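So that you can tell them apart, the chains are marked A, B, C and D in the order they are listed, and the count of residues begins at 1 in each.
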Amino acid sequence: MSRNIQVSELDRSAVEDQGVEIVERKGVGHPDSISDGIAESVSRALSQLYLDRVGKVLHYNTDETQLVAGRAAPAFGGGEVIEPMYILIVGRATKEYDGEQLPVNATALAAAREYLAETVPELEYGTDVIVDVKLGEGSGDLQEVFGEEGATVPMANDTSFGVGHAPLTETEEIVATAEGELNTTYADEHPELGPDVKIMGKREGDHINITVAAAMIDAYIEDIEAYAAAVEDVEAYVTELAEEITDREVSVDVNTADDLDEGSIYLTVTGTSAEQGDDGSVGRGNRANGLITPNRPMSMEATSGKNPVNHIGKIYNLLSTEIAESVVAEVDGIRDLQVRLLSQIGKPIDQPHVADAQVVTEDGVDVADVDGEIRAIVDRELADVTEITRKVIEGDISTF
Amino acid sequence: MSRNIQVSELDRSAVEDQGVEIVERKGVGHPDSISDGIAESVSRALSQLYLDRVGKVLHYNTDETQLVAGRAAPAFGGGEVIEPMYILIVGRATKEYDGEQLPVNATALAAAREYLAETVPELEYGTDVIVDVKLGEGSGDLQEVFGEEGATVPMANDTSFGVGHAPLTETEEIVATAEGELNTTYADEHPELGPDVKIMGKREGDHINITVAAAMIDAYIEDIEAYAAAVEDVEAYVTELAEEITDREVSVDVNTADDLDEGSIYLTVTGTSAEQGDDGSVGRGNRANGLITPNRPMSMEATSGKNPVNHIGKIYNLLSTEIAESVVAEVDGIRDLQVRLLSQIGKPIDQPHVADAQVVTEDGVDVADVDGEIRAIVDRELADVTEITRKVIEGDISTF
Amino acid sequence: MSRNIQVSELDRSAVEDQGVEIVERKGVGHPDSISDGIAESVSRALSQLYLDRVGKVLHYNTDETQLVAGRAAPAFGGGEVIEPMYILIVGRATKEYDGEQLPVNATALAAAREYLAETVPELEYGTDVIVDVKLGEGSGDLQEVFGEEGATVPMANDTSFGVGHAPLTETEEIVATAEGELNTTYADEHPELGPDVKIMGKREGDHINITVAAAMIDAYIEDIEAYAAAVEDVEAYVTELAEEITDREVSVDVNTADDLDEGSIYLTVTGTSAEQGDDGSVGRGNRANGLITPNRPMSMEATSGKNPVNHIGKIYNLLSTEIAESVVAEVDGIRDLQVRLLSQIGKPIDQPHVADAQVVTEDGVDVADVDGEIRAIVDRELADVTEITRKVIEGDISTF
Amino acid sequence: MSRNIQVSELDRSAVEDQGVEIVERKGVGHPDSISDGIAESVSRALSQLYLDRVGKVLHYNTDETQLVAGRAAPAFGGGEVIEPMYILIVGRATKEYDGEQLPVNATALAAAREYLAETVPELEYGTDVIVDVKLGEGSGDLQEVFGEEGATVPMANDTSFGVGHAPLTETEEIVATAEGELNTTYADEHPELGPDVKIMGKREGDHINITVAAAMIDAYIEDIEAYAAAVEDVEAYVTELAEEITDREVSVDVNTADDLDEGSIYLTVTGTSAEQGDDGSVGRGNRANGLITPNRPMSMEATSGKNPVNHIGKIYNLLSTEIAESVVAEVDGIRDLQVRLLSQIGKPIDQPHVADAQVVTEDGVDVADVDGEIRAIVDRELADVTEITRKVIEGDISTF
């Protein structure tokens, strides 16, 4: 059966050409991102548990991790956590299959512990943070098959909507890259930089301003001068990075709320603001493509933690982004592309109600020129929908 | 100081004129809305507590209620809750002021109990649902004044973004009105209808399809025939209501996932899907204007539960909606209006970095024709920004 | 098979004749007693649930309720609870039988709520106290039958030990009666007296001193004079009550830690010290006969909350007390009687390893004179052991 | 002021000479002992925290740890925990002193984690067990001084009662020694033996029966034969150990509830029954001297977790045992000694209302012969009461 794929001209100018653009990314150590990351790592661990034990992914959904902030007393050279954070993993999972009990709660906790150790390494498990779990019993309904013996294409059991776009604008790319590099390359050599890096990009015309809120880790900062130097290092690094991406004018501000004279600075014990009053939960931060982009349509759907075999919202948000990226990678002449997938209850999810690609073409290119190519790629990617599930389980796609 | 107000033509067609439109509203009994509603009722109660005890609103933030679903065994004539839901109220609040201890946890719990009694009356407090609370100590920092002696305009302490629009499209109006009427007028005479009513509107060209998922309450439904009749009643009611709003073709589907032969129906004990596996949390459902509108820019900000005195995200989301509504009410010739407010750190919030009104005018009307009027209204509403705070505290504005 | 019943002379003087005697009772509103009472009311409710639904009592054990104290700000005329207490019902219960799900958590919560409403009526459920529950899945092992079709005598699956005694000494009777009367007859006419009444009796020779710690309820006490009067009323009441029981010299002290000049008094909002810092848990207070009697052997076993069908420790503690009371009621010439029951693993519980009645006879009476009568009563009561189960389920025996 | 010390003949025969004797000890891995041990280790850690930070021990009390059992699936060669245990540390502590915030919750959690790692090493923290904490704010009242500048003798603020005895009977010594040796010397060479060793000693005349319930750890047991061998090893070890202590006839039974044919054996993943259905809480197991001795008066007081500076019940229970041991070590001719200390509200705790030493002398020795020596030792130990506090804080005395 042929798929309902529509290609049309996007009814607005490319975001790159709009007068004002706002982009945000909450780094992996932000309380909302920690929640997203735990939810998704729990999801991966449960998928893997089910594959290992029963050969297929059973019913579960873990998209509601709640982080309750703690209290800390940072100090130059090393302070302490006063009141631990509390993280509650919420959801449901199948706890018994064919007479065998499955350790879903222990598995969820282990995944969270491992994820935190990797992502917020200064956080001491069990004292700086308490992780608790409330996973209800999942429905025993027969599940779509995704397992050792291959995968069937599941039926959509809900009306849901996914949206993706490509290519990133310069501002988006700066914001995404800056957070990514700060939390890897840069942090490797700068242990004073915590993972709670929040980046806001604001472009007005041809001026891009990047505002970074970077949690510094007190154990690696001996005094106020060291702190000031650490802030300047981040500023210089992000400036250089941005200037490699754009020819526009760039300005970078780091920790603008600081008042060094008052000693009011962004110093933390653990590298995350969750240690001091900032709660977090799943789906409140970055969208599935890792960014918050008010200039573009966004799905409200929380992608992290959802079952990747049959949760249509998760699959369509990730797939629409993949489609958009594939199209832009393979087809010339596209300035801005937006892909929307709308599910059709009761139909296989590779047969959406509509797959809708809206495009802003470059000067001299007509939609008709690219229509066929786009259509073919959308069709191909839809046919391969279960590949998204595989990638999610193997951790090859980020969901936030 | 004059405000930076910009009025321009909206760089797209009016949503009413777009080919496909999707709108959703999660009713007050939906798990996400229950979380929003509790968070906001807790916020109102704390504001009131502070006003009563110390004459001004102190620091607090309660925007993270987490609902963990329960398990139920519905049955015609009345089933039972097997496993209670668990609701965790999360946030921080000032617990002591001037030597006086303030009962913030008890107040939060009382607000939640009262809210649940009003909104999900079939839910028995303490057995069908456990409500717990973790409110950390709020920072003792000096607060903006909002209290007996009047209000000062607070400074923005964050870069935040609010967006509102008006008027509602027909589809939006149908979705909003249908949920509102079902949960009041209709439910008063039809006790079998639970408050967890989820409405999805989809317009393709001039056909509007309204899909309603309505949790029926088992105590008022004696058998499968009564259930079928209850579903039909909702369908007829929504159809009639929609046809009063639009001249377009309307179709209405209620509880489409039902399989009456299999006995697989949407029957509940308490009127909410939270009783059986559907978790919920704040900011995951409706936006500040009560709708989810993928055709329009939406703020990711969770509005419910935030402190209405100084949380710029909450204030700007509510204010931009109010501005849009005021403009449309007072100015002729506007087909679609989008208002965006962007804060400016360190400046009073009545002086946004930019207040940006984008308009699609009706045929024959030019932006220049309405520019002055719009500008004046935006200016007036910004000047009156603390009025939003007052309305929120008094419960005159809904946040979800 | 004949039972191993031993009757011998008690190897000490009667407690009534010892030089120093100490007796204590924690009233029903004491935090430990609240825990005992909830545990036992949950136990009764689960027994009843199982009898109603499946006709027999299934496996459960709920003997570990934990009460975490709150914080309150009492004030003449009525103060408030600042921080609610938190009560965690702990144990395990069979949640599914023959394919039917059983609402054990909801039932436990309902029992706790009802118990609190009766026992600590000033405590507002859900705001002054949060009740949570963690009941693990009980083992599905086949259970001893106690149900509609009669009862079988279960096998002892543990070595356990129960001890009871009779008659009460005068000091014991005063302590027991005073708490009972204060919390019923007296409190009915004196709403200012809270249920947290702790009574310590100390007899030295022929002087009995009764120390009462009585939580007063602020809403019914308008000032310090009213408080002083309330304390005096309790003192007078207990003095009169004690003098009806004994001819010994009696002195009564109430709220001795008060310092009226400093305003340091025992004033509460809810009538229990659990509102302000006093935690509680099961088995930490009164023994199965309602008293703490350091002059006598006591079982460490927590009786409240245990399954009354097959928990040998619970049954033997209650039964040994009943036996002692029956013997003393029916046999003349006994000054002090102590009954011990020791179970024998793998044998029916009406066949203890040893049932050991130790007696102090009155002057002129020899153990041999009463040996036969005692032996017959012990035998009769053991034969009727399942009657204890019935009485516990119907609430006819108190366990603390 | 001279102390009220009384020495008299004990009004019963020595326990060693009684016909039937029962003694029990719950090993360190038993759920009740785990609770005791955590409560006490938290107490020590808080004392140390206060000494380190403010130079004296502030108000706290942590005597209510609650352990909720998990669920496990043991298997030869190594099974797994399915449902983690949950441990709630309960109490109150001073969280702020002189403007400095004190990390009491983090300290409590760290102490619990360390204690569990030492005591139940197979238990993986964070996945096999979740540890949570609810420590309310301690009263800010001025505290007795125990700190850097020395110690004052606190005033008794409650009527409390402590009781100790010495020497241990043979049965008591066997029970105590067997658990101690099994959990150290033996376990070092037998990793299959878990710390949850429960020992019941029953002496009838000159026959001593020792019943051991020993949790075996599945990872070190490859099959049923290995299990049987492990049980026999324990039996042989305890038999030998007992025969070194007594000349009476000894029989030893290990894991008597096993049914090897049915595969119903005491196999665990973690070495404690808390992994499978056995809840635990403070004060429900061993008394302050490490034993449960129904033949002797016992205090109901939970000693573990209480503040050692001013909690009179804790201090008197430990001190009375120390006094009894000192007397028996220094004075000849004592067959059984029982020491009771009764506090006197408002008086220094080295001035008890009465210190009462009751003695059974050996043949040919009269109470009068030892009265003076006993009195002197009691007096000396009372004078040195604050030494108990020091020992408790330094972990030199066990409390359970």
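The working rule: contacts are C-beta pairs under 8 Å (C-beta built on N, C-alpha and C of every residue); 3 or more make two chains touch, one makes a residue touch a chain.
According to UniProt, the chain labels map to these proteins: A, B, C, D = S-adenosylmethionine synthase.
Just so it is clear, the structure is predicted and the values come from calculations on it, not from any experiment.
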Counterpart interface for A-D, drawn from C-D, A-B or B-C and sharing over half of its contact pairs: B-C
Most widely separated chain from chain A, with each centre as the mean of CA atoms: C
CA centroid of chain A to CA centroid of chain B, Å: 25
Euclidean distance of C-alpha centroids - chain B vs chain C, Å: 51
Length of the line joining the C-alpha centres of chain B and chain D, rounded to whole Å: 56
Residue numbers of chain D (touch at least two other chains): 71, 83, 86
Complex interface listing, chain A residues touching chain D: 71, 73, 80-84, 86, 101-103, 105-106, 109-110, 113, 125-128, 130-133
Chain B-facing residues of chain A, complex: 11-13, 18, 20, 22, 61, 63-64, 66, 68-71, 83, 86, 88, 90-92, 134, 136-139, 157, 159, 161, 163, 200, 202, 211, 256-257, 277, 279-285, 287, 292, 294-300, 302, 340, 342, 345, 354, 356
